[in-house]
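These are the structures, in structure tokens.
Next come two complexes built around subunit A: one with subunit B, the other with subunit C.
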Partner chain A sequence: MKKYAPAVILALLALVPLVGFSSYSMHVLILVVMWSIIGMAWNLLGGYCGQVSFGHAAFFGVGAYTSGIIYYHLGWSAWWGLPLSVVVVTLFSLVIGYICLRLRGPYFALATLAVGVILRVTAENLDKFTQGDLGIMLKERTWVEKIWYYYIVLILAAGTFWIIRKVIRSKLGYYFVAIREDQDAAESLGIDTTLYKTIALCLSGVLTGFAGVFYMNYMGYIDPKVVFALHDISIVAIMVVMVGGVATYWGPAIGAVIMVLLAEFIRSMPKLGAAHQTLFGVLLIVIIIFLPNGIAGDIPKLKRLLRLKGTGS
Partner chain B sequence: MKLLEVKNVSMFFGGLAALSDVSFSVDKGKILGLIGPNGAGKTTLFNVVNGFYSPSRGDVFLKGKKISHMKPNKICSLGIARTFQVVKPLQRMTVFDNVLASAFLRAKNRAEAQEKAAEVLEFTGLSDDSEVISKGLPLGKRKRLEIARALATDPEMLLLDESFAGLNPTELNESIEIVRKIREKGITMMVIEHHMKIIMSISDGIVVLNYGEKLAEGTPAEIGNNPEVITAYLGEATHA
Partner chain C sequence: MTAPQVEVLLQTLIAGILLGGLYALIGIGMTLIMGVMKIINLAHGELMMVAMYIAYWLFVLFHVDPYLSVLIAAPALFLLGVAIQKFLISPVLKVDSILPENQVILTVGIGMVLANLATLFFKSDYRSTPVDYATKAWYLSDYWKSSPVDLSLSYAWTISFLIAVFITILLWFFLTKTDTGKSIRAMSQDSEAALLMGVNVGRMRMITFGLGSALVGAAGCLFIPIYYLYPDLGGQFTLIAFVITILGGLGSTVGAIFGGVILGVFESLTATYIGMGWAPVGRFVIFIAVLIFLPGGVASLLRRRRLGR
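Our next item is the complex of A and B:
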């Protein structure tokens, strides 16, 4: 049964649009799936390999801009960004990895934080190339119907899930976790930590880049403040994983559901809309105190808590 | 035949010489004991041999090939594995996965790595604990896990850094037995140990370090009777 869970869930998700949701509900659903891709990608690097990144917006943005720039300058379909971003994001990740991966722990995190900001400022100022703050807009989106975007993002997410599970169950996965648990021990056991951290970074980056390409095509508009956003992309990527469950297969998806719904909910509240980051912060504190392994990681604990409540009432 | 050769190795940290001009060699299949008071530079020497440190001067050779200034993972793949004095288990992994992660080094595929891991756990008597998360292991078993993990990389030479410290008498006997069995496999060892009785009984040769310098070298009997060693190290206990 457990073996077929991913296939069953995918089938159910594929059937969801047939229910006939409103356009807004479909939009929320698409965002949830997109955020699970970003969460899964972050989780690969941060959760499994232990290299916490505060700058995943960089990969998201590079993916989005790859797509936007080939559209704007070359007149290609922005969907070509999907294959092309693999090359661009990999090259970008190699450079970032070469510079940042020699740092450990919090130093790595701070360096990635800087990378995200540097990219935003660069994109703002290279206005001949990126259109700067004007942003890049698609003259018309491929489809008006949301359903096609939903299926595309769902395929991307399923692919991401499949790749990550494949990687984690292979030698690579063991090496990533070994590096997370103790880098010196890993090194002395013959693991080339620089190489494997770079692989984790590239994989994570490319998968996040896909989400960026999708975003460009789906939203039809990007600018540096949106796609290289620290609070709304980099931090949310971490929160999705922290809330859902670090180093679990389903955690990022669970986290994405909660974070996207919460963001939409808060946005709809009068006067509270602008305070969503404050509330995210409060949520993060609560999660860290009560469910340090996230929802998927602390399922036994959650069950215990719920059962206690059940018998008490 | 010389398996490992340490030639005129010095290691400076700022102005402090943690090792100065240390030379010795280890023959294939033998056990070399490395002793000395705290701070004598024993672990530093391991870190130089294992590649964590690049020696400030001098070089280390494995089968005639210079290995100093190589990265630890490279040195491990050439055949030198080590354990840590302060154990470094991969905490949130099971005992089996700990060993599996290092067995991947030589294995062509996962099945082969699993086989190797199971074999090593059997060899070190940890089979019953293979599904335990290593964070929860008692110290004695964690020390043994260090040995198991190192063995899973199929080393030609094993560096044991105080693998016997803090063990109870039963665990001690088991560990000594394991070391004997490792030796029967033809694996050369370098052993840091404070337990005089153990080091005297298992070593073929002993090197004594004091303040980063090689104080003496010889068979266990020679070292036991060396007056310099007795004053610098063994004798301290009688004065205290």
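Our next item is the complex of A and C:
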């Protein structure tokens, strides 16, 4: 049964739009799936390989801008961004990896944070190339119906899930975990840590880039402040994984559901809307203190807590 | 170079050094925390923002001069830092988790809460303290009539710079002459050995976090006469503090001073010769250049000199 769980869940998700949701519910659903892609990608680098990135907005934004720029300057369909972003994001990740992967732990985290900010400022200032703060807008979106976007993002997410599971179950995955647990020990066992960390970064970057390309096509508008956002992309990517479960297959999906629903819920409350970062911050603090491995990662702990409550009452 | 060009260059350098002095104060706070606790405090800029609001409201409500409010804001920030360490960070140090960077992510959460609360309470307006000396300046031509170049020195910038230097000297005395200071330095060298030598590690952590917060709080008060204030300014200064610590060498106080001045001068040069909007990029270009060419920062250069290599 467990073996078929991903296929069953995919089939169920594919059937969901047939129920006939409103356009808004479909939008929320699309966001959930998109965020689970970003979360899974972050999890590959952060959760499995132990390289916590604070700058995943950089990959997201590079993907989005690849597709936006070929649309704006060359007049191609923005969907060509999907294959093209693989090349662009890989090259970009190699550069980032060369610079940042010599740092460890928190220093790597902050260096990636800086990368995200550098890209935002660069995109704002290179206004000939990226339109600066005006942003890039698609004159018309491919479809009006959201259902097609939903299927595309679902295929992307299923692909991401499949790739990540394949990678983690292969030798590569064991190398990643070894690097996370003890980089020096891994190196002494003959693992080329720089190479494998770079591979993890490139894979994670490309997958995040896909989400960026999709975002460009779906939303039809990007500007540097939106796609290179520190709090609204990079930090939320971390939160999706932290809340859902670090180094688990399903954690990012669970986290994405919780985070997107929470964000939408907070936004719908007129009084709470302005306080959404406070609530996110408090949630982050509470999760880190009480469930450091996230909901899916700390299931035994949650069960124990629930049972304690059950027997106590 | 013609005289006006020299004038622009000199003026840019002066502005850079004055800015650098203030940056150094922010950087020292971060490097202290980093050295002792081995974590990066990503709420550093937000703590500075809190201090700036304290100074701002003291000025608006009670007409306390921003420079005097250092004496109120810095202790307040010390207490805030101690509380954060005691109730939030130290519980996380004990929790077992997959990712060791949990504490860093925790400080991000703290920063988000602080910035957002400031937005809620004070609105996201840009504010500044209209002190009467903010626009006054000394001019070189007033003192030296036949000077070939004319340079000016803003009152507020100069006073802020001098106070920053004074605080840095005080800190140096504290770290080298007092028992507490020596314990802090011992912990940043080897916290386990310090524990064995009878240093109260838990208490020192609290004091260090408080001290780091107080320093950045003081820097906030010094910034307020010359800068404007808005709730989201923290993130930018957190990054500045981090760039300074990398530039100076992780955990090195002397390095942070050099790092602050280098960064100040460099930013000032980019702003003058390339363009205002690019100043943040210049900041990160220097950051990446340091990571590639001088991974140990200025501190590694100093150490090499001392070893005679």
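Assume the second predicted complex is superposed on the first by the 307 of 313 C-alpha atoms of A that agree within 3 Å, B and C clash if a C-alpha of one lies under 4 Å from a C-alpha of the other, contacts with A are read in each partner's own complex, and residues count from 1 in each chain.
In this section, a contact is a pair of C-beta atoms (placed from the backbone, for glycine too) under 8 Å apart; a residue touches a chain by one contact, two chains touch by 3 or more.
Keep in mind the model is a prediction, meaning the values are calculated, not measured.
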First (subunit B), second (subunit C), both or neither touched by A:Met34: neither
Subunit A residues touched by each partner, larger count belonging to subunit B or subunit C: C
Which superposed partner A:Ile136 touches (first subunit B, second subunit C, both, neither): neither
Touching partner for A:Asp184 - first (subunit B), second (subunit C), both, neither: first
Which superposed partner A:Gln277 touches (first subunit B, second subunit C, both, neither): second
Which of subunit B and subunit C A:Ile238 touches, first, second, both or neither: second
List of subunit C residues in touch with subunit A within their complex: 39-40, 42, 88, 91-92, 95-102, 104-106, 108-113, 115-117, 119-120, 235, 239, 242-243, 246, 250, 275, 277-278, 280-281, 284, 287-288, 291-292, 295
Subunit A residues touching subunit C - in the complex, by the definition given at the top: 46-47, 50, 52, 54, 99-100, 102-103, 105-107, 109-111, 113-114, 117-118, 121-122, 124-125, 180, 230-231, 235, 238, 242, 246-247, 274-278, 280-282, 284-285, 288-289, 292-293, 297
Partner subunit B, residues of subunit A touching it in the complex: 170-171, 174-175, 177-178, 181-182, 184-193
In the complex, subunit B residues that touch subunit A: 50, 52, 71-74, 76-77, 81-82, 84, 88-93, 97, 100-102, 104-105, 110, 113, 149-150, 152-153
